[in-house]
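Below is the structure I would like to discuss, written out as structure tokens.
Chain lettering (A, B, C and D) follows the sequence in which the chains are written, and residue indices restart at 1 in each chain.
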Amino acid sequence: MTAEITYLEAIREALFEEMERDANVFMLGEDIGAYGGAFKVTDGLMAKFGEQRVIDSPISEIGIVGAAAGAAHMGMRPVVEMQFIDFIANAYDMLTNYVATARYRAFLPCPMVVRGPSGGYVRGGPFHSQNPEAGFIHTPGLKVVYPSTAEDAKGLMKSAIRDDDCVLFFEHKYLYRRIKGVMPEGDVTVPIGVARVAREGKDVSIITYAATVYKALEAAELLATEHGISVEVIDLRTLAPLDDEAIEKTVRKTNRVLVLHEDTRTGGIAGEITARINETCFEWLDAPVLRVTAHDVPLPYAPPLEDFVLPQVSDVVRAVRRLAAY
Amino acid sequence: MAAAGHPSGLSRERQLELYYWMRLTRTLEERLVALYRQTKVVGGLFRSLGQEADAVGSAFALERRDILSPLIRNLGSMLVKGATPVEILKQYMAKADSPTRGRELNIHFGDTERGFIGQISPLGDMVPVMAGVTLSFRMRGEDRVGLVYVGDGATSTGAFHEGINFAAVQRCPLVVVVENNGYAYSTPTSKQTLAKQFIDKAIGYGIPGERADGNDVIASYEVTRRAVDRARAGGGVSLVELVTYRRKGHAEHDNQSYVPDGEIERWEKDNDPITRYIDRLQGELKFKVADVEQVDARVRAEVDAATDEAERSGPPEALDALVGIYADPPREQPLWYRQDVASAVDAHERPEGWGTWQEGGRK
Amino acid sequence: MTAEITYLEAIREALFEEMERDANVFMLGEDIGAYGGAFKVTDGLMAKFGEQRVIDSPISEIGIVGAAAGAAHMGMRPVVEMQFIDFIANAYDMLTNYVATARYRAFLPCPMVVRGPSGGYVRGGPFHSQNPEAGFIHTPGLKVVYPSTAEDAKGLMKSAIRDDDCVLFFEHKYLYRRIKGVMPEGDVTVPIGVARVAREGKDVSIITYAATVYKALEAAELLATEHGISVEVIDLRTLAPLDDEAIEKTVRKTNRVLVLHEDTRTGGIAGEITARINETCFEWLDAPVLRVTAHDVPLPYAPPLEDFVLPQVSDVVRAVRRLAAY
Amino acid sequence: MAAAGHPSGLSRERQLELYYWMRLTRTLEERLVALYRQTKVVGGLFRSLGQEADAVGSAFALERRDILSPLIRNLGSMLVKGATPVEILKQYMAKADSPTRGRELNIHFGDTERGFIGQISPLGDMVPVMAGVTLSFRMRGEDRVGLVYVGDGATSTGAFHEGINFAAVQRCPLVVVVENNGYAYSTPTSKQTLAKQFIDKAIGYGIPGERADGNDVIASYEVTRRAVDRARAGGGVSLVELVTYRRKGHAEHDNQSYVPDGEIERWEKDNDPITRYIDRLQGELKFKVADVEQVDARVRAEVDAATDEAERSGPPEALDALVGIYADPPREQPLWYRQDVASAVDAHERPEGWGTWQEGGRK
């Protein structure tokens, strides 16, 4: 019997196993070596693999993302940590202009992973809580994953490192130590681009990912027991490319859809999903696709403010009830 | 050179004031540690232990009309510029009447009236911003100077580079202070740059650079003052390097396992900026023990009073979260599922079953 | 009688008049002074207002956007040129983290404009043709305008400079010299946040902005004469905040909507608009909201490739006919 | 010091080769101008007139296994590294069989086999990328060196700063060549930096810096070669400044109104790198006039042949636009309204009525 490990440990295990498997895999980031990273995700890697393969970098997000790209061109498989994913904004040019276009414009392979602690619900304030996925989903050439379970965190990290293109790997810091799972035996990957049914249901679908998967699951439980509404929860796992098949399947099953995300509302991925559902499943819809999201403000620090801005279980309950009653 | 007993031409009052600001910084931070352990501080806690002299001494070189942009370890600079202990405490505790009404954390706040602008987390960003602040001084012919701090680590950012270069070319009245405290989080300076000293960067921007002992409050004052005077006289940007040492971890949770044995203790023993200044006050400058003790007592009383006041304030109202993203419109509307809902979190939120979360495991 | 001037000249006139009106307005950018800018938008401004108010900067997008913010805090009204809007990616952190949050987190006013030549159809290749609006529409605290006519270009630039927050002003380089208009007499502004009916119609609505307004108008003409379909064309003009009223009005009028944009498809603003229509006008829809957009690839250089990637009139015709027949 | 007649130990063959690459660069660009005027070049045209020596001389210091990242004015470097005239012509003309199949413009292309990596437009970005390329050399213990060019203007970018600093700290085998040609578009160096020379930046990164006359092809070779040798020997990053002058505008449309009177003419008359090298070849190095003329004839023939070949190629197929954004999936599907449509633009596109567009007004 294998023990449960946390979401964070699952990621570390994946990094460890991939570094053992492939000598081309190496880590690059601020304070990831001797210190093991701000959240200790890379703890122990330097001791095991040495300073050559676990590089403590200067505070230079442009520099390290660019360096990863150059090394990737040469056959390496760099994994870059953003100390907080919020700082990926500094590398926006490098990622969207250089990395994302490398294969298309120059036939240069760019297999690399950019990973980092993301998301709110942790009193992190406006610069340690962001969900910056929208800008990257918008960029052809990048892949984006955002797991919610420990098993997926491990399996998707392995796939991300083995992918021949750049994968942005968002890790939800609220889940790091709260979520546990039992890892499958052996070298098991979770494919990029495939969603997961987190809970089967028949009345209303919730399409979501990352921390809000748990908001959805809790709401689903409550809706089942208190309101007799059967909710299906889809955990997207990958945001680019989207799993259109899984989305269509659940829409055709329940005919009522809530898209739920922690990111701000305007320009968030819920819009994209709504448009796709509209295009492919309009006739199957018995109600408008609704969105539950954060409010359109920078994420404030004080608990009552953060709680108000971010989506909560009660919001999901209200929205699902409206859909069910439609 | 100032006359003996009046280093840098500072009056005896001002000499003692320097001590007051350093002591206030340290005592206030110690109070914050206590509150942090009582979980009354909502987020992380960042110390400037051992760096009080460089923050206080450099800020002391400015006039009230000048503008300073502090970093996380510049509590002392902010106090000198007029931030009050009660503001600091409320801000850390995310109170409704804190300077940012609970929106931002730790000492990320400002007040252009008193002359300081709050930083944001992305390091280096304040350098271009302060280039623009001081550009406006130059454009308007105002007799004002700006001062921006960067850590040894933050000198590696593109923002630092673009900002200081722009300011240099535009001959903005700006002083860039590199606080070289030996570490950026866990990263020692040797992994941050191959430069032997940070003022070596000045020549690449075509500006003067000067280095001083950042644990000597008078030296920190003097070197900054020279750069401030130069800026005020139309001499443009200077780089000032203040050499100091970060005796605590990056934040309170950091156990400093990466620091070589004995290093912290050595700095504490031989080079505490407050101890050093007390020695100087009571030695060369001929203050009495009672003078110093009086300051200590005043500081204690002030911090106690501020704590009482801060604790009395409540948390912000949830709906204030939607106010003031833009001048126009002045507020966002709550999303439809939040209409008529005062607080977002009801009994169902934050259940135990979410995982293995423990208060101790908190990051 | 006043003469026609180009879209580009209209922008220049607005800059000129605003600099005359308000001594706090100044220009910052690469090669905008002596040279007058890569597209000559600022031609003549330095001669008139001097080097102090028309500043040739180093190649430092982070630097100049940040400097503009600092000056704006102090009461100035900077207008920053990106030589090509593609390079706004370099300032993504400064804009989304610093500028957009300044008022909210620190009560610091940040009235500034970031403007630059945007868009394709000009054989500019992947780095001189972008439409990077999506990432900024996604950012609370920023406003985004993107005019299609010379009159709007002038009137919106005046509003942008007078706005108390940061406005990103996208100028379509394909329209710079192709589009002309007669300016109204006197100091006339066009309000931010208000869309325009570019053509009245009753069967199908096309919601669009910038260069594709002309694709829509051409298609509308053709659909009217060749297919008897009456098309209403909405020119959004402002992308953030969106004019929900205008969108709802046209949807309720025609009940069939095409959202058309030049930006790539996934994560583009069409998704957001579709979601909003879905939420507010679901019952009014007689057909799914359709999107005509660029394909999800970096924009290639060769004419047959660029033409294939970008939306064309024939695409609009096809999509509208499908909607009308639905 | 090399023996007289054999500067830098270059054989006579290699001495003449330097001339060949410079001449090929110039003749090929002249051909491109002709094609541009015939509107056969799809986008803008960028010249390196007067800078051929720095590009050729520096690239000549590399081995085939080394990797170079050129800029828009490094046509000469690319030719030295094995790019062919027909590739250049096809690329500018956006042909189906051009190196990027019509996806990228001008000389933005590369080939890691021959050892050059194409730039992207955002300036400075190639510095971090080449830091990573050379980091991989170091990690794998490969005996290879990288060379990256930056313009005087591009040194102001955050990417340059972060990339060179990272490479320095990591002791990557990288040579950073600053091509100081006096201008960045219209911006003179004095508005770009207050530094007196670009090698003043080296000290701030703790690396060696060396400056040379970029219009002297041998000097450019020698200074770069020293830096390359240092990198190969494990000495890490060097900064090389090659001082030259951009005699044409930023691109062909730029009329250089911002250039002081006589400046261009002076450089053309006194300091043309090709003329200077011919003088040296025929003087100190004792080549015959015929040797030089033979090279010229060979170059003309090669460029003629390349032009003929390039002109024969056709434009890309529209559907190729959707191929190869990712390794997996290997292609995007056309959007539904483009299914079964071979070309996007039908008779209705690009009508006259769109405005006042004229070929002459083209940017």
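As a convention for this text, a contact is a pair of C-beta atoms (placed from the backbone, for glycine too) under 8 Å apart; a residue touches a chain by one contact, two chains touch by 3 or more.
Just so it is clear, the model here is predicted, and its values are computed rather than measured.
Asks: Name the chain pair with more contacting C-beta pairs, choosing from B-C and A-B.
Replies: Pair with the higher count of C-beta contacts: A-B.
Asks: As a test of understanding: of all chains, whose mean C-alpha position lies farthest from that of chain D?
Replies: The most remote chain is B.
Asks: Need the CA-centroid distance for the pair chain A / chain C, whole Å please.
Replies: Roughly 31 Å separates the two chain centres.
Asks: Where the CA atoms of chain B average out and where those of chain C average out, how many Å apart are those spots?
Replies: Centres of chain B and chain C (C-alpha means) sit 40 Å apart.
Asks: What is the distance in Å between the mean C-alpha positions of chain B and chain D?
Replies: 45
Asks: Which integer distance in Å separates the CA centroid of chain A from that of chain B?
Replies: About 34 Å separates the centre of chain A from that of chain B.
Asks: For chain A, which residues are shared contacts with two or more other chains?
Replies: In chain A, the residues touching two or more other chains are 57-58, 60, 62-63, 86-87, 89-90, 93, 97, 101, 104-105, 126-127, 140-141, 296-298, 300.
Asks: Quick check: what residues of chain B touch more than one other chain, meaning two or more?
Replies: 100, 103-104, 108, 120-122, 156-159, 162, 165-166, 169, 191-193, 325, 332 - these are the residues of chain B that touch more than one other chain.
Asks: Where on chain D does chain A make contact in their complex?
Replies: Against chain A, chain D makes touches at 100, 103-104, 108-110, 112, 117-118, 120-122, 125, 127-137, 139, 158-159, 162-163, 165-167, 169-170, 324-329, 332.
Asks: Mind listing the chain A positions that touch chain B in their complex?
Replies: Its residues touching chain B are 6, 30-31, 34-35, 38-39, 56-60, 62-63, 83-84, 86-87, 89-90, 122-128, 173, 175-180, 214, 218, 222, 265, 292-293, 295-298, 300-310, 312-315, 317-319, 322.
Asks: Can you list the residues on chain B that touch chain A in the complex?
Replies: Against chain A, the touching part of chain B is residues 42-43, 94-96, 100-105, 108, 120-124, 153-154, 156-159, 184-187, 191-193, 254, 257-258, 315-322, 325, 332, 334-335, 337-338, 341, 343-346, 348-349, 351, 354-358, 361, 363.
Asks: Residue numbers of chain C touching chain B in their complex, please.
Replies: Going through chain C, the ones touching chain B are 26, 52-53, 55, 57-58, 60-76, 78, 93-94, 97-98, 101, 103-109, 140-141, 143, 163-165, 241.
Asks: Taking the complex as given, what residues does chain D use to touch chain B?
Replies: Residue positions touching the partner: 156-162, 165-166, 168-169, 191-196, 200-207, 236.
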